[in-house]
Amino acid sequence: MREPEVILTLIEVAATLAFALSGFIEAARRRMDIVGITAVACTAAFGGGTLRDVLLDQRPFFWVEHSGYLWLILGLCMVGLPLLRASHIDFTERAMRVPDALGLGLFGAAGTSQALALGQPLIVAALTGVITGVFGGVLRDVLCNEVPAIFTDHRPYAVCAFTGAWVFIGLDHVQAPEGLALTACIVTTAGLRLLALARDWRVPGWRG
Amino acid sequence: MREPEVILTLIEVAATLAFALSGFIEAARRRMDIVGITAVACTAAFGGGTLRDVLLDQRPFFWVEHSGYLWLILGLCMVGLPLLRASHIDFTERAMRVPDALGLGLFGAAGTSQALALGQPLIVAALTGVITGVFGGVLRDVLCNEVPAIFTDHRPYAVCAFTGAWVFIGLDHVQAPEGLALTACIVTTAGLRLLALARDWRVPGWRG
Amino acid sequence: MREPEVILTLIEVAATLAFALSGFIEAARRRMDIVGITAVACTAAFGGGTLRDVLLDQRPFFWVEHSGYLWLILGLCMVGLPLLRASHIDFTERAMRVPDALGLGLFGAAGTSQALALGQPLIVAALTGVITGVFGGVLRDVLCNEVPAIFTDHRPYAVCAFTGAWVFIGLDHVQAPEGLALTACIVTTAGLRLLALARDWRVPGWRG
């Protein structure tokens, strides 16, 4: 009983840090000040999970219950900004791929799992996983005044999370151990995402 | 007792489909991929009703309770995209007018009705109707990275929904049958909207 | 017992009006129509408080419970638009500074106070204050299709609210009278903000 909870918590920590980094990088590339960088990092990290909790009517929010997350991300932004500024690292789109794919898989698994545990319909559980995985990034792009990248770049992203969510639902349906279902969901989602980027797979659009 | 519920459900189905189409068209015109088109269609369709449910603290959301909506819109987007792409139809602003006006009237009536049923103050009920009608479109425009059209185009839109909401509230106050109040609200809102477009009525702005 | 409630209510009224004015001015400068101006004014005024209430799971929203706010702001927008349009006043960025700084201090104090009263962790209480103070402005800028000014202008704003929130939390911790804590929070926040603008203090950013 408690082991899945521990796994879910670890998933949340790792995914939160990966998404915060993606927000940090995006805001830093847009030359925001430290307030904007911190706000976008927190939004990217907590946006998906918060919307999930609003949709599932779960309180307190996980970043309220575990307020250490807030200290961690605030602290990392304060410490990280001068360190990274001094290090002359340039963050490229490529540098964001791996943490982003892992965060997508991790958040998608957590969202799908929680929605199923609350007895939601399967399609709602799958979309809760997708929303948990992608909504932080959507909000991040809206705050940066861009069309959300996942809507226009013709690269599979939400589709990977949707596929991973159904892998989770299928394994859950045949009563596989939760650890297996979570792992399979994360590996499927992150693997599909990285494979899609490596092979340049395209999502169909409206007249090209 | 049950008849108004059936009517409200039918209203929700029709309005949801009309708004999803408006989101589909807007996203397709912006050359989004199928993920973006589906997401914007769902946002346009469910955004107003979801904000209404958050404001009125109603759970589950109607698209969670009736998850068939999700299958329907996901399916229509998957099927509709290749069909419409092959058909060489060009969606113009004019093509969106009638479904949009009907959706505005239908959502406005549903929102006002639910807020009144929960004993909200009259101004809150009227604004709940307006928000239910317009917020899907506002979110749609925010996701497309535009200033919401209803804030800048000087065309009556929210004003029509506001007027229709007060027609509903007035008829409800004199204890008219709910079917009559709903019909009058929808006819007033959609009629005013289409009349305003036909006659080119303008909403006053700041120094023209 | 009742005196702090009266003070909190007065704070809410004054802050709401100050923020509605900032939204009115911003939307008017962007040549929106009266629907857009009213919507942006309401969003700037109620956005922070509404997000606070969603985060703290407080219902009804304060603008639902005190629906007079809605009548007041709707009325002021209807009356204010022709009056101000006729008066040939041009609102400059400078004209928005004082109401904005006061609103920031007032909302920040109210948000921190309510979160503490509900027993939230200190960091959550401080961030609730900041969010209550700044989120109306963030939403205002998103609706105007701009990157939120507070993320990019390198001027202390959220930082002032954060400092003021910790002043409140410190005084609350030593059991100072609530009126003193509120006053100190407001004076600190608004004073820091106006001082920062006068002395041209800068928030560090990513490579300048």
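When the chains are written out, they are named A, B and C in that same order, and each has its own residue count from 1.
As a convention for this text, a residue touches a chain if its C-beta (ideal position, glycine included) is under 8 Å from a C-beta of that chain, and two chains touch if they have at least 3 such contacts.
Keep in mind it's a predicted model, so treat the numbers as computed, not measured.
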| item | value |
| --- | --- |
| Pairwise touch network: line, ring, star, complete, or other | complete |
| Shared interface numbering between chain B and chain A [over half = same, under half = different] | different |
| Where chain A and chain B are represented by their mean Cα positions, the distance between them in whole Å | 30 |
| Junction residues of chain B - those touching two or more other chains | 54, 142, 145 |
| Residue numbers on chain B that touch chain C, as the complex places them | 54-55, 57, 120-121, 123-124, 127, 138, 142, 145-148, 150-154, 157-159, 203-208 |
| Chain A residues within the chain C interface of the complex | 27-37, 39-40, 54, 59, 61, 64, 67, 70-71, 74, 81-82, 85, 142-145 |
